[in-house]
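Have a look at these structures, which come just after this line.
Each of the next two complexes has chain A plus one more chain, namely chain B in the first and chain C in the second.
So, the complex of A and B:
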C-alpha cells in the first residue's frame, strides 16, 4: 500500500476509536438534553468522578469488566442525585438558570475528587494489554479495537433499552411532550431521574475508555468532556440519539485528522469550527427534525 | 427583615443611599490603604464591567454567550500590542480595544441570527477556542503561551495610573460611566426592544421590532464593553497570557450574571462582588474552598432562582421556598376539605 494511504487509514482508525468514546459520552448527554433542553454542565464532572471510582476498583482484585460496570452504576447514581437535589427545584425557572446549579454541583464533585485523589494528573491503568495486530502492512492497536467494540456494544444496548422495553417507550413519550405524557399516566418524575441515571452510566463507560486510551486522568478533564459531548449532541441534532452517536464519531474523526494534517495546536478549534460550519447550513443538526414553533 | 422589605426601604431612599455608597467608594482607598483589599476591589470593578457586558447579551438579550472572555482577550491583546509597538496614548489604545472587540462581536453575531440560543452558545464557544488557538500559536506577534510582558501602565494627559490607588480611581470612573451608559441604553427604545425580543421573539416581530438588528446591537455593545475591560486589565497587570482567557473565566462571568440576577445591571455588579469576595473569605478552607463555594452558590440559586437582584419573571415556579409554600398551601387545602 502507498505510505500516505496507510498513514491516512491509521489516523482514520484512531479517529474512529476516539470518536466512538465521544459518542458513548454524547449519547448520555443527548438523552438528558432532549428531555429538558437543559445544558448539563455537570455531565463531564459526573463521568470523570465515576472514572476515578473505576480506577479505584480496577486496582482491587475485581475483574475489569465488573469494576467498570460497578463504577458506571455508581456514576448513574451520582447523576440521579444531582438531578434530584439541584436541577429539579429550578426546573421551571428560566432555562439559563439550571446552568449555574449544574456548575455548582460540578464544583462540589471536583472538590471531592480532588480531596480524595489529588489535583495532579494521574496515570490511568489500561484495561487490556497493549497488543499490535498485524493486517498485511497495516497495524491496529488492541486499544482501538476495544474502544470501537465498546461503542458498538453501548449503542446496541441502548437501542434495545429504548426500542423494546416499556421504560424506553415511556422515555420516548416524555421526550415528545412532558405534559401530555404525564397526563397519560407516565410517571415523569421517575422517568427523568432514570434518564439521568443512563446518562451517567454511559458517561462513565465512555470516560473509562477515554482515560485508558490516553492513559491519563485529571479532574480538569470534566469540563473538556462536557464541551465535547455538547458539541457532538448539537451536531447530531437535539432529540436524535443516533445523531448524537454519529456526531460523536464524526467529531472524533475530524479532530484526529485535523491534528494529523494541520498540527496538534489547532486540534480542538478545528473540531468546533467544522461543527459550526456544518450547523450553519443545517441548524437542526445532521439528524434532527425541524421543529415548527408554536405561537 | 425579609429581602422584599429591605429592597423597599432602599428604593424609598434611593438618592441618599446612592450618595453614601459613592462617598464610601471614593474614600475607600484612602482610608483602607491595604494592598489585598484594594486589589480585591479593583478586581470587583473589573469583573463588574465585564459581567455588565455579558448581561447585555445574556440577561437582556437572552442569548447564551460562551465567548465573552474572547472579546475580553481581544481587547486586552489589541490594547497591549498597540501600547508596546506604537506610541499611541493610552486613551487611544483603550478605545481601539473596545472598537476591535465590537467588530468581533459584530462578525460573530451575523451568523448567529438564524440559530437557537444553544447553538449560539456553541458558536461562541468555538470562537473562544479559535481565539485561544490563534493567540497560543501565533508566536510571532503574541509570543504564545509566554504571554506579553512589560505592558506600560495606563496614563492620561501625562498622569500615570501606576499605583493601585490611582488605578482604582481610573477603573472606578470607567465603571460609573459604563454603568450609566448601559442603564440609559437599556431603558431607551433599543433596550426595550431587546428585552421584548428576549421574552417573545415572534411577538416582538409582530409589533414591528427588527429582531435581528437588536441582537446584533446587543452583541456589539456587550463585546465593546468586554474589550474595554480587557484593555484595563492588560494595563493594570502589565502581563497577559492566553491562560487568562480560558473557558473557566467565561463560566465565572456567566455565573456572576445568573447569580446576580438576569436582566439587572446592579445584579451584574452584585454577582461580580459575590464571586470575588467569597473565594477570599473561604480561602482558609484550602482544598475544600472550591466545593464550599459551589455549595454556597447552589444555596443562593435554589432559594432565589431568578438571582439575587433578578426580576421574578425569570424564576418561574422554581425555588425551594416557592415549592415549600405551594406544598404547604396544598396540604392546608386538603385539611380544610377533610373537615
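So, the complex of A and C:
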C-alpha cells in the first residue's frame, strides 16, 4: 500500500475512535437538551466526576467492566440528583435561569472533585492491554478497536431502549410535548430524571474511554467535554440523537485529520470552523430537522 | 355523581382565571361549557385533569377527592382530556399516537383491538396508520386526538375546543363523531366557543363568562334563552 494512504487510513481510524468517544458523550448531552431544551453546562463535570469514581473502582479488585458499569450507574445518579435539586425547581422559569443553575451545579461538582482528587493531572489507567494488531501492512491499536466497539454498542443499546421499549416510546412523546404526554398518563416526572440518568450513564462511559485513551484525567476535562459534546450536537443537529452521535464521530475525524495535515494548532479550532460553516448553510445542523415554531 | 367541583378557583400565571366554579357531571351525560375566548374554559379542564392546581376548592371524582393529583394519576382514575389544538405527537406515526393513548394499560391484545375499533370509526386513521401524525390535516388530527384520548378507556372524556380552527364542514364531521361516542355511553365534558354545536350535542350546559358561571341549564332550554342567543349564538 502507498505510505501516504496507510498514513491517511491510520489517521482516519484514530479519528473514528476519538469521534466514537465524543459521540457517546454527545448522545447523553443531546437527550438532555431535547427533553427540556436546556443547555446542560454541567454535563462534562457530571461525567468527569463519574470518571474519577471509575478510576477509584478500577484500582480495586473489581473486574474493569464492572468497575466502569458501577461508575456509570453512579454518574447517572449524580445527573439525576442535579436534575431533581437544581433544575426542576426552575423548570418553568425563564430559560436563562436553568442555564445559570447548570453553571452553578458544574462549579459545585468541579470543586468537590478538586477537593477529593486535587487540581493536577493524574495518570489514568488503561482498561485493556495495549496491543498492536497487524493487518497486512496495516496496524491497528487495540484501544482504537475498543472505542469504536463501545461507541457501536452504546448506540445500539440506546436504539433498543428508545425505539422498542414502552418507556422509550413514551420518552419520544415527552420530548415532543410534555403536557400532552402527561395527559396520556405518561409519568413525566419519572421520564425526565431517567433521561438525565442516561445522560450521566453514557457520559461516564465516554469519559472513561477518553481518559484511558489519553491516559490522563483532570477536573479541567469536564468543561472540555461539555464543549466537545456541544460541538458534536451542533454539528449533527441539536435535538437529534443520531445527529449528535454522527456529529461526534465527524468532530473526532475532523480534529484528527486537521492535526495530521494542517498542524496540531488546528485540532481544537477545526470543529468550530466547521460549525460556523454548517450553520451558515444548514441552521438545523447536518442531520437535524427543521422545527416548526408555533405562534 | 361522576364528577363534581366545589368552589374551584385557579390562577393562570398572575391572573385569576376561574372563580368559584361549582359544577357536576352525571354518568352518561354530555355536559358542555360554552363561553368566549379567555372565559376560563380551558383552565377548568386543566384543573380537573391535574395540569393546573387550584388555589381553592375541591375536585371530586366518583366520591373521592382528587384535587391536585398529578395528571398521570388522574388518567389512571378514568378521566381523559383531549387537549385544545389537538396536540398530536407530530413526529410519531398515527399508530404510535394511538398506542401512547393507551400508556396506562397493560392488556396488549385489547389495546390492538381498540385501535382496530377506532380505525373502523375513523377510517382515515387506518389509511394513514404509518404516516407521521404531523402530516394529517387539521380535521384528521382532531379525529386522531379524540381516538387517542379514548384509548385509555376513560369513564369521562373531556374535549377542549374540538372545533377550533376547523372548516365548518369538518366541524360537522367532528360533531358526528362526538355523537357516535355519546351513543357508546361515554360521559363527555365538552368545552366550546362554538355554542351552537355544543348545545346541540349536549344534555346540559354551563355558560362561563370572565371566569364565573353565568348561566346553567338544559341545553335545549339554553338554545332558546334570549341572553344566550344574543351573546353566543349570533342573535
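Assume the second predicted complex is superposed on the first by the 295 of 295 C-alpha atoms of A that agree within 3 Å, B and C clash if a C-alpha of one lies under 4 Å from a C-alpha of the other, contacts with A are read in each partner's own complex, and residues count from 1 in each chain.
In the analysis below, a residue touches a chain if its C-beta (ideal position, glycine included) is under 8 Å from a C-beta of that chain, and two chains touch if they have at least 3 such contacts.
In this text the structure is predicted, and so the values were computed from the model without any measurement.
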Quiz item: Should A:169 be classified as contacting the first partner (chain B), the second (chain C), both, or neither?
Solution: second
Quiz item: Is A:104 contacted by the first partner chain B, the second partner chain C, both or neither?
Solution: first
Practice problem: Check whether A:131 is in contact with chain B, with chain C, with both or with neither, and answer first, second, both or neither. | Solution: neither
Exercise. Considering only the touch criterion stated at the top, classify A:112 as touching first (chain B), second (chain C), both, or neither.
Key: first
Practice problem: Would you check which partner chain A:234 touches, where first means chain B only, second means chain C only, and both and neither mean what they say? | Solution: first
Exercise. Kindly classify A:121 by the partners it touches after superposition: chain B alone (first), chain C alone (second), both, or neither?
Key: neither
Quiz item: Looking at chain A, does chain B or chain C touch a larger number of its residues?
Solution: B
Quiz item: So in the complex, which bits of chain A are touching chain B?
Solution: 37, 39, 41, 86, 89-94, 96-97, 99-101, 103-108, 110-112, 114-115, 119, 223, 227, 230-231, 234, 238, 263, 265-266, 268-269, 272-273, 275-276, 279-280, 283, 293, 295
Quiz prompt | Complex contacts: residues of chain A adjacent to chain C | solution = 166, 169-170, 172-173, 176-177, 179-189
Exercise. Would you tell me which residues of chain C are touching chain A in their complex?
Key: 49-51, 70-72, 75-76, 80-81, 83, 87, 89-92, 96, 99-101, 103-104, 148-149, 152
Quiz item: Mind pulling up the chain B residues that touch chain A in the complex?
Solution: 58, 62, 64, 111, 114-116, 118-119, 121-123, 125-126, 129-130, 132-133, 136-137, 202-203, 247-248, 251, 254-255, 258-259, 262, 287-295, 297-298, 301-302, 305-307, 313-320, 323
